[in-house]
Amino acid sequence: MTVGYMREASTANAMTFIRLLFRWNGSVWKSVWWELLMWIQLYCWISMFYRFFLVKTPYGRNFEEIVQHCQKTSSDLSPILTFTIGFYVSYIAGRWWSVFMSIPWPDSTVLSISAFLRDRGRQYKNEDRRLRGAIVRYMLVSFVLVFRSVSEKIIKRFPTLEHFHTAHLLSQDELDIIEKAPPNRQFWLPIEWSLTLLKKTYNRRQIDEHHYSVVVNHLLSYRENLHRILSYDWVNVPLVYVQVVNLCTMLYFILQAVARQPVAVVTPNLVNNSVIPFYAIMEFIVFFGWLKVAQVMLNPFGMDDDDFEIDALIERNLNVSYGYVDDLFDHPPPLQDLVVKK
Amino acid sequence: MTVGYMREASTANAMTFIRLLFRWNGSVWKSVWWELLMWIQLYCWISMFYRFFLVKTPYGRNFEEIVQHCQKTSSDLSPILTFTIGFYVSYIAGRWWSVFMSIPWPDSTVLSISAFLRDRGRQYKNEDRRLRGAIVRYMLVSFVLVFRSVSEKIIKRFPTLEHFHTAHLLSQDELDIIEKAPPNRQFWLPIEWSLTLLKKTYNRRQIDEHHYSVVVNHLLSYRENLHRILSYDWVNVPLVYVQVVNLCTMLYFILQAVARQPVAVVTPNLVNNSVIPFYAIMEFIVFFGWLKVAQVMLNPFGMDDDDFEIDALIERNLNVSYGYVDDLFDHPPPLQDLVVKK
Amino acid sequence: MTVGYMREASTANAMTFIRLLFRWNGSVWKSVWWELLMWIQLYCWISMFYRFFLVKTPYGRNFEEIVQHCQKTSSDLSPILTFTIGFYVSYIAGRWWSVFMSIPWPDSTVLSISAFLRDRGRQYKNEDRRLRGAIVRYMLVSFVLVFRSVSEKIIKRFPTLEHFHTAHLLSQDELDIIEKAPPNRQFWLPIEWSLTLLKKTYNRRQIDEHHYSVVVNHLLSYRENLHRILSYDWVNVPLVYVQVVNLCTMLYFILQAVARQPVAVVTPNLVNNSVIPFYAIMEFIVFFGWLKVAQVMLNPFGMDDDDFEIDALIERNLNVSYGYVDDLFDHPPPLQDLVVKK
Amino acid sequence: MTVGYMREASTANAMTFIRLLFRWNGSVWKSVWWELLMWIQLYCWISMFYRFFLVKTPYGRNFEEIVQHCQKTSSDLSPILTFTIGFYVSYIAGRWWSVFMSIPWPDSTVLSISAFLRDRGRQYKNEDRRLRGAIVRYMLVSFVLVFRSVSEKIIKRFPTLEHFHTAHLLSQDELDIIEKAPPNRQFWLPIEWSLTLLKKTYNRRQIDEHHYSVVVNHLLSYRENLHRILSYDWVNVPLVYVQVVNLCTMLYFILQAVARQPVAVVTPNLVNNSVIPFYAIMEFIVFFGWLKVAQVMLNPFGMDDDDFEIDALIERNLNVSYGYVDDLFDHPPPLQDLVVKK
Amino acid sequence: MTVGYMREASTANAMTFIRLLFRWNGSVWKSVWWELLMWIQLYCWISMFYRFFLVKTPYGRNFEEIVQHCQKTSSDLSPILTFTIGFYVSYIAGRWWSVFMSIPWPDSTVLSISAFLRDRGRQYKNEDRRLRGAIVRYMLVSFVLVFRSVSEKIIKRFPTLEHFHTAHLLSQDELDIIEKAPPNRQFWLPIEWSLTLLKKTYNRRQIDEHHYSVVVNHLLSYRENLHRILSYDWVNVPLVYVQVVNLCTMLYFILQAVARQPVAVVTPNLVNNSVIPFYAIMEFIVFFGWLKVAQVMLNPFGMDDDDFEIDALIERNLNVSYGYVDDLFDHPPPLQDLVVKK
């Protein structure tokens, strides 16, 4: 479920953004609480081990040196980490938006079919309606077939091709043909059928030469967008990149878990003895929160709070598209002149 | 209201930019004064609490340690904050401009209708004019319907669909149809009507085959742009990102409010005893000002000084579009040869 | 006047770039000399005030502390400033180039008119020529009208609409119509006339169906580019951003003017006593020069050395466009076969 | 082989990304293990040389000074390295994706041929099928010819033009013509043939005027994409850039191999005496891993784990394209009305 | 000459990139050796001046203070320099690739002419061939005319318009017309002629209505790309930007030449006394190498190793384009069915 908060951000005053901090869905708190808990546990175990077993032993001395070393090291690593995450997030965010922009909407294609396809009068009314309905349906079937191969949610809703039949998306005949086709072509078979149906209408001059090519181009660019979705799924961000950034963040906080230990070397005082390292926790939330931005955006068809709601999109496309081809279209309201001369 | 200052920035000399600093509308001063006031209050309260209750008590000692710790910590956090805001602002600024570029202008569509639609002579003059007027009006109704769902200002101006009627944007018949339609399709119903009207003109050969497809494509890309506005509103910048950056900035300045306290550890002198921490205030203005850039750009349809003036845009589109379809178009000035041979 | 130096940068050896440093027009020296002078004055005044009034007084002690504080502070601010300017310049530079790319060139439109418009034989020769001339002239009038509203230079050249008449751009009739039109439509009236003229040629079958739509599309995208120029002028970079960056730079160098004072705390020696702070001056040139890049690019239609030469562009477009519609076009050189078989 | 891991990244929780760290193919571990081994060897040799020959000699003293100097130097170099790699990786990553987006897919072209080319009835059925098959085959031959010149893998599969014949991609006649053509034109000869075949169908009115131009445009943009692939191969990232970044990384870790030596100057303790420098190894993995991202992306047609699988792509295109032109296309399933009224 | 190294970068292992470091053409070594030599000389002169004249004089004391001051200063400047170059290089690199992508290739235009222009049978064969040849030649003449005004190399090859005649690019008649034309239009005259020739073929119905507009559009977008090349040459990167970055780098290394002097203040030892400052040399190579990336990319039509080979491109375009219009086109190989059913 995409998390909307635009209404609340309509003015840029402080209260707005303070209020935004208290959201839970899609929030940084929801993203990092588990990791934070793990890290605090790690921190406490190290702390306790030191207090109960090492303090004032020669090993304690060694531990204190390690702590000091980690402090120096983690302060060296901090700017490196900042940039690595910074560049990574801006790369992933760019890709994420391109993916979203690649999701095709059937509207333009369906509207252009409505605009260019001629009625053949009363006696063919039902057949024409069925034909338009089939083209729209085929477009949506391709849509679902493609997203079934990239999105966890959709494959859960349509685990087998049979489910297309029960969802009234495919007839038994259609299902059989698709099941026999090679997997590479399955995605595009319904698009091919749409083209064939359109070609038929062209052959019986139900659509004009130029308009036919416009509609075909709409359909083909619809297909190309679906293809692009597959491409984004096929060629990922190189795994090395993902690993390096995640590894770097984890190492940094493992170092921090040691470096932030209040050890005897430093003069004992309130701040240093405080069991809970406030600053390290803040840093943890900021860095892991930032990293989560990238993790959420990496696979936008997954099941995170901020992932695209493909499920709702399919619903919407079905309803709206069928609406376009429905009869309402042919009965616009009577022409009235509301233009007020100024 | 968008804040214009281009005229004043036409030459890049120092005075220009010093003068720009004294603007109030849309300025950094107007953006941060409230936050700055809050922060100074926080600073003063901490300061007074320390001076009246803690100084020279054992707790004072602890407080001084905390101050020192905060100083070190906040100087560590400063570069991290710089980058986080830097990357964030450049991301939001890119998105902001894309949103602006997605706002469709009806001009091209309306002009192409004027260019391609044939007059049917005297006796149909009024009907033709009414038809062109209706197409234009429908385009604007879709525009308003879409922006009503993304912009606070527009929903205030058109709280219910009834207001479209009183604003002479919809006839009662049209209003009834729209109100009965499912919410997803409401936006596009007027566009559908425009298409139907156009189709009628094509059926009676008032427009040629190729030209008809050009006009339809203009209308469809107008619709796609409106659709994109809805998409930008539907899929926001992930909330985590917004929270991380705002949180990071707030934490930094809470730390600063403590770190900048003049405590007894440091040798007392004029600078350190100064009650008002000049530098921290500067830093506050710079960082919060920078962050405000992003907050203002995050929802460009809100009510900030720099948000897009959709309200004025609707006014402008109404006037200009009706002008295009008006009779002026058909009476160009007499042809004269002004070309001076050189 | 745009500053060209490409010829000198054709090879990337050191001497090339050393020589480039000694250019004056559009150079960093010309940009910052005035600011630098101001800053040196400020520096000297502070220096003298300290030497003549404060030295060895208790206030001198305080001043020295302030200097030390400023040193620490300004070294903290330096990386922040670097990034703020870095991100800002790269944002402005992107925008600047988009603006340049939006400036429409009439060439394609005019050439397509020439390619698609048929001659009607001898007896209409002059009328046809006048018609082509008028279309081209109208395109340029819209161009000038738009740039008159965004560029200081052009409004100086055409302060009133009357000047269009004296510059042989508009006849008296045309002028009257434009003056009576609402300001929003004035820009586009000439484009409308061009469209009307074209429509006339289509109605008398001087241009074919498909070609007519191509020419109209060229004209409309010419108009859209002009529209985009207005948009860039209407929606500026948020003022907050501009203010924050300029403010940050100014504050930094005010701090530096204090921080670089040779005060008694430091052991007196040649370097520290040198009256002119060489390094601070270098830093000043680099940072202010970098900031100037953004200031120059912010309003590319202003009057800086590097701003686009819209004035020359209008001249050029007039000459070239009239050339295209002139008779030369119809008399290509005789066909000869120069292809050498290889 | 492209490394897919999208399914595993569908939710952004910690375990997902920890699990991703244990992948081997395309992983940072696989990328850097060899370099890391080399570096550890270098480190050990220096270490042993110091312990066995230099310790407590005057040269040992000198070595210790060098170590200290390297420590200071390498901590200066670390942020520079971070940025150099950061900017470099984001540049290469942008280029890499553009290359991928330039790979043309024959689908749209083939589908548009199917949509626009008319059947000439029964008696020409085989000839028509052969013609469509030839056009598709020619498109793929151009594809393979182009990728043979940019990809190591493809040249291994098709070392000579003869191999096109054995792979049923070219007939002997076609092969002869291609072999005699100048190398520059070889790539495009098959595309030319496709165009000629299409022109023939247009001449015998098997395709309509407008549709013919649509198909030709599809073919030409297919060719342009292939051309772009050649351009990306022809004009590389400037070698200087690649060298600077690689050089900088190598120098840094040679410095580190010295700087991390536990020498006598520092007080001997557990951390400093540890033979294996943990932190330096982490840093090595992070920096080299990051650099590897760029190295892998630099030539996406090479033989790395993450390079594009052009081989499989050719297979896929062959199968799918032939499928499109096959008879299946002409037999869509019977029209059924599955639209459920809601 | 563009420097190719893609073949060597096909796998991302260490040896590949080590081997790449030993390339000379287009390498960092070739780019910076001269500057490095100069800098080492400067360094040595300062060093010797200090050793022979200043050591142990009071001036020596001053010099040592200057050295210390430079050390502090240059370590402050180092991160600033890193970013300035980083942002600058990424800006220039973006621009460089856009310039490359703007170079028009005649292929699509020529192929579309071949596809759409009808033969008029045997008796006109030669005339038709001559006509196609002339259109192609004119396109190339415009290409050369444009690049003659932006590239040093091309102006050397065609110093006067006469050279077009000797290179069989222009006939004497054509030459005379071009020489008499105003300089602004010279570039586009050949394009105009191509359009006129095409118009002739349209007038005698050798090409169909729709196809004519497609070819004209191809020609116009070819012209627009050439125009863009001129634009990139006309509006450069603001000189201030170039100067600031170069100045900053030079100042930094002048400071370094002083700061790296081994002076008596520091305790004399092997590292500090070493005459050659290894680290500073490394830093020099890295920074200047990085800067060279931008300098090479700044004017891609110059004479650097990595500049675009416009010369070879003209050759290639001539050959390939004439090939397309040659008779080969009309004789495709016989149709054969190689499709293997799978």
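A, B, C, D and E are the chain letters, set down in written order, and residue numbers restart from 1 in every chain.
The rule we apply is simple: a residue touches a chain if its C-beta (ideal position, glycine included) is under 8 Å from a C-beta of that chain, and two chains touch if they have at least 3 such contacts.
Predicted model only: the values in this text are computed from it and were never measured.
K.L.:
Could you tell me the distance, in whole angstrom, between the mean C-alpha positions of subunit B and subunit D?
P.N.:
39
K.L.:
Measure off the straight-line distance from the CA centroid of subunit D to the CA centroid of subunit E, and report it in whole Å.
P.N.:
Those two chain centres are 24 Å apart.
K.L.:
Name the residues of subunit A that each touch 2 or more other chains.
P.N.:
31, 79, 83, 86, 90, 209-210, 292, 296, 319
K.L.:
Given which chains touch which, is the overall layout a line, a ring, a star, complete, or other?
P.N.:
Here the contact pattern is a ring, one closed loop where every chain has two partners.
K.L.:
Write down the ring's chain sequence, where subunit D leads and subunit E follows directly.
P.N.:
D, E, C, B, A
K.L.:
Going by the contact rule set out above, which residues of subunit A touch subunit B in the complex?
P.N.:
Within the complex, subunit A touches subunit B at residues 2-7, 9-14, 16-18, 20-21, 23, 25-28, 31, 75, 78-79, 82-83, 86, 89-90, 93, 97, 100, 105, 107-108, 111-112, 114-116, 208-211, 214, 269-272, 279, 282-283, 285-286, 289-290, 292-293, 296-297, 306, 308, 316, 319-320, 323-324, 328-330, 332-340, 342.
K.L.:
Quick check on the complex: what are the subunit D residues that touch subunit E?
P.N.:
Result: residues 31, 34-35, 38, 61-62, 65-66, 68-69, 73, 76-77, 79-80, 83-84, 86-87, 90-91, 95, 127, 129-131, 133-134, 137, 150-152, 168-171, 173-174, 177, 181-182, 184-185, 188, 191-193, 195-199, 209-210, 212-213, 216-217, 220, 223-224, 227, 231, 233-236, 238-244, 246-248, 250-251, 292, 295-296, 298-299, 301-304, 319, 322 of subunit D touch subunit E.
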